[in-house]
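Sharing a structure, written as structure tokens. Questions coming.
Which chain is which? They are A, B, C and D, in the order written, and residues in each are numbered from 1.
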Amino acid sequence: MTLPTLLTGVVPPVCTPLTPDREVDTASLVRLVDHLVAGGVNGLFVLGSTSEVAYLTDRQRAVVVDTVVRHVGGQLPVLAGAIDMTTPRVLDHVRVLTEAGADAAVVTAPFYTRTHPAEIARHFRLIAAHSPVPVLAYDLPVSVHVKLGADLVLELAAEGVLAGLKDSSGGEGAFRSVVIGKRSVPRAFSVLTGSELTVDSALAMGADGVVPGLGNVDPAGYVRLYTACREGDWVRARAEQERLCGLFGMVTAGDPARMGGSSSALGAFKAALHLRGVIACPATAEPQIPLSQRETETVGKRLAAAGLL
Amino acid sequence: MTLPTLLTGVVPPVCTPLTPDREVDTASLVRLVDHLVAGGVNGLFVLGSTSEVAYLTDRQRAVVVDTVVRHVGGQLPVLAGAIDMTTPRVLDHVRVLTEAGADAAVVTAPFYTRTHPAEIARHFRLIAAHSPVPVLAYDLPVSVHVKLGADLVLELAAEGVLAGLKDSSGGEGAFRSVVIGKRSVPRAFSVLTGSELTVDSALAMGADGVVPGLGNVDPAGYVRLYTACREGDWVRARAEQERLCGLFGMVTAGDPARMGGSSSALGAFKAALHLRGVIACPATAEPQIPLSQRETETVGKRLAAAGLL
Amino acid sequence: MTLPTLLTGVVPPVCTPLTPDREVDTASLVRLVDHLVAGGVNGLFVLGSTSEVAYLTDRQRAVVVDTVVRHVGGQLPVLAGAIDMTTPRVLDHVRVLTEAGADAAVVTAPFYTRTHPAEIARHFRLIAAHSPVPVLAYDLPVSVHVKLGADLVLELAAEGVLAGLKDSSGGEGAFRSVVIGKRSVPRAFSVLTGSELTVDSALAMGADGVVPGLGNVDPAGYVRLYTACREGDWVRARAEQERLCGLFGMVTAGDPARMGGSSSALGAFKAALHLRGVIACPATAEPQIPLSQRETETVGKRLAAAGLL
Amino acid sequence: MTLPTLLTGVVPPVCTPLTPDREVDTASLVRLVDHLVAGGVNGLFVLGSTSEVAYLTDRQRAVVVDTVVRHVGGQLPVLAGAIDMTTPRVLDHVRVLTEAGADAAVVTAPFYTRTHPAEIARHFRLIAAHSPVPVLAYDLPVSVHVKLGADLVLELAAEGVLAGLKDSSGGEGAFRSVVIGKRSVPRAFSVLTGSELTVDSALAMGADGVVPGLGNVDPAGYVRLYTACREGDWVRARAEQERLCGLFGMVTAGDPARMGGSSSALGAFKAALHLRGVIACPATAEPQIPLSQRETETVGKRLAAAGLL
């Protein structure tokens, strides 16, 4: 399908199941997509950070987007990350994912290089000019080491360069500036929060949707949360959100003395999907450190406490 | 050729000349290699940060390494950067550059992801295990946002995982720890500084060589500096180094209100190579901002002051 | 008065009016306090960052707390910042502000030094052990360069070391963890947001109150916002919050090419108070850069747009 | 005495010995000064970071400077840190240390506040305008979170605002820019490195002196190193420097899982001074974590290996 005029709702960043020898497990990936669709999500975002895009080879990235686009068959919009260091490399990814049928490209500011705001603007303009599909900006300072300014985002939205924003910056003040500012933008512009923990707040402010990594584990929970917010039932929304906050505690399952935050969080999401029977193997990509048996058990306890096991 | 048992001397990171439409200008690249060889350098490092590796597509990277390896024809060792976010992606680059005939791979810690020292160690071990050529670590915190610890580097050196270190971290204290520590490592391990400004200091400490971006512009100057240091003529070395420090001032040619540090520094190196008649076009890759006519003139003045124009 | 068992509501950080020669203007300070009390606030926080505490000498700090405590005369609780680098220096400030009659001390983690979480915990425990008044933690990573972890805050709350938290970290996810976690703390523990822009969100999550710098300029607005939230009227709350977001835009009045963020934001608050006739002089402390006439006019426009001039 | 026209040589930052109940141990402080003078140092720097200035109350700071100035009795210049957040607070310290007889004030850029280069320049200009003694800039980004630019330092030197620079930024490239640039400054301007590990490099570049924290433990070693450099005996200098690098390893004595870097490094210096019989008690100020018995033993081993025990 093509991207809706305004993308809204729950659009989880889809985990990439791997086999024990770290190839894409397409059978598990298809099952995961079915699990998300059954949960009622409104779109899928493949090749995001939660998808371990930084670890997937170009061949594996192509397998992922191809598998998901074909399986979804136009039921839902499929957004795909085109995550690389600079404009020319991003454009190569945009070409591949567009040919595979993705409905939109999700792009960060340049990274690895030292970047100026004027260069970030030029980057997005060049990509939009050459992309056959709409482009969403991905604001992820923890990885990119730059924060996209609200003014820059709104300027690019007004120009038609950006069709939306996925904000994983964690700064609710700047996020609100975009949400308020976009009302003066004379084009559809979709503002999505990447936060798992403040979805009710973001929607109450006026955000259009949510891209929650934890939505892999409990898509139905985020859909219920989204629905409650849209119905203005803030009491029900808060209860659902707080249940999901408890579940989110799984991301600290891994011992910080032994592994980094990605290993722990992505390892926990995959352990949970494995324990729930969705994917065949909880392996994360190299050089991430696997969760121990004991750490996996704490993930299981979180699932049980949230009523998911 | 194969990498010498211990790589020493001046090994400039080779700029990647581009055509006005941002394709690799192989004719200029060959002229640049000749210019460096004529300057007396001891090796070449292609696809480093100064080579705009972050901006080159995979196809362009292959053109660069192929062009340089063929042209050099074994006269000098050719090191090639395998710069990407994580282990599997780096290994894809290692494969390509090895097939093209590069003599060593230069690899950073993972970036974009949040990384733990145990994951960094695992990353280098996996890469070395699968690389047909020796692996050097590239310490570049300004891009990677992590500093390689001296203990980790020395441990990997002792294991035979790393054949060398290119240190562009700017921290001379930690660099010295590696230089002193490597004497207890029972294997050849080449310690190279990436600094343009403290080459005499690094060599006086006991470093094996230097990888100066500015060496594109004045390879003979760095060779004279290296020779003076090796001969223990610290007065001559300091005079040469200070001349090069003055020349290095070109990296601030670009207005910081208009562009980032990469645009300014790489733009200045390319402007200087263009003014000296080595390359056909001073263009840098997108989305970098070009130097203005006036900024280019300040580069020319630096060249003239250093006796190079 | 003594601190209420649970501090709630609007507790603005009180600006410190200065004379043209940078002495504390006590007459203006008293008028500002009257302006805040008339606006309906629930407490006052003197010697916070908005109060320019970092710029006030010890003598000036004593004048401020003494002036405000006397003038308030027990109508409202007065919290006072004890802002300094480490435990012994903070304790000196606690002593002075307690003797002057402040009802609580507000304390950051150590700064300037390189600090470990165990040292931060020890710091708060030692301060609480020696403070005659309750201690609130002040989480301000932009100044302190450390983020207080939710687990640490909750542990110190459970021990009775901390009576509350003022969170100016801007991270709503961690803030929510404290708000949810505090329900399991068997003691009164007041969680206050320092955000001007997401007060409705914070209160909807369950926060107890707000410490808005902009509350100096429009205390009645924040009181209306707080009241609407407490009454569960989220539509009215959002409208009021958005009006205040527009007003908050004044903090970017100062040209970033000429001055830092503190000069601009604190300069704007003081310009607004001066334009509204509350304080006699808009001067900020040295070495801050004053707003120009033209920049001051943009503050006036923000006031007019918000119905305050 | 007054500061010499150009301060040169070894100027250790003097540790502040404490009693077990964390009062200044003036008897030990006097013994430490005698130990440094006997080692042949050229000046003393009290109330620097190594002196735990961030932990000392104003009363304790006054005791330190008073004790040292009186005991030295004009034999050597005494520099004193005036370390605080902003201009007015720094000026209060300058007043006290000047009255106590210090010969120069050492001052950082503002910290805790968000600062612009124009504000940093204004800060130093205001302080110099009001200080009865010469002012040296202290560049310590690890504490101040700002790096002083070479251009700014040289501009303030040329104006006569700064009499010198103590550079503890660890960046040898920028340091060299100052060393080279100062030759064009038409006034005496003393450039001192704060590094313990690259003193030979700094002096070879043209630096005037060194302010080594480790100089508390082995002042005679740094004096020998300085002398060898001044005599141009770079082989002897390097051998002495490398012995001191080995000794410096003591700063990692403390377990990083238990304590921060200051606790470990300052704890090690004090443990070494205690083991060498110079000070009565190795206690560091609150909230630092003390070294364990076992960690103290590793300090002893470093002393023994360096021939100091």
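Rule of thumb we're sticking to: a contact is a pair of C-beta atoms (placed from the backbone, for glycine too) under 8 Å apart; a residue touches a chain by one contact, two chains touch by 3 or more.
As the structure is a prediction and not an experimental result, all values here were calculated from the model.
> Pick from A-C, A-B or B-D: which interface has over half of its contact pairs in common with C-D?
Looking at which residue pairs coincide with C-D, the repeat is A-B.
> Does A-B or B-D have more contacting C-beta pairs?
Pair with the higher count of C-beta contacts: A-B.
> Distance-wise, how many Å sit between the C-alpha centres of chain A and chain D, to the nearest whole number?
Comparing mean C-alpha positions, chain D is 49 Å from chain A.
> Can you work out the whole-Å distance between the CA centroids of chain B and chain D?
Distance between chain centres: 35 Å.
> Multi-chain contacts in chain C: which residues touch at least two other chains?
Residues of chain C touching two or more partner chains: there are none.
> Going by the touch rule stated at the top, which chains touch which?
Pairwise, the chains that meet the contact rule are A-B, A-C, B-D, C-D.
> Please give the residue numbers of chain A that touch chain C in the complex, ascending.
170-173, 176-177, 180, 195-198, 200-201, 204-205, 232, 234, 238, 242, 245
> Quick one: which bits of chain A touch chain B in the complex? Just the residue numbers, please.
Answer in residue numbers: 22, 54-58, 60, 83, 85-89, 92, 110-116, 118-120, 122-123, 126, 142-145, 256, 258-263, 285-289.
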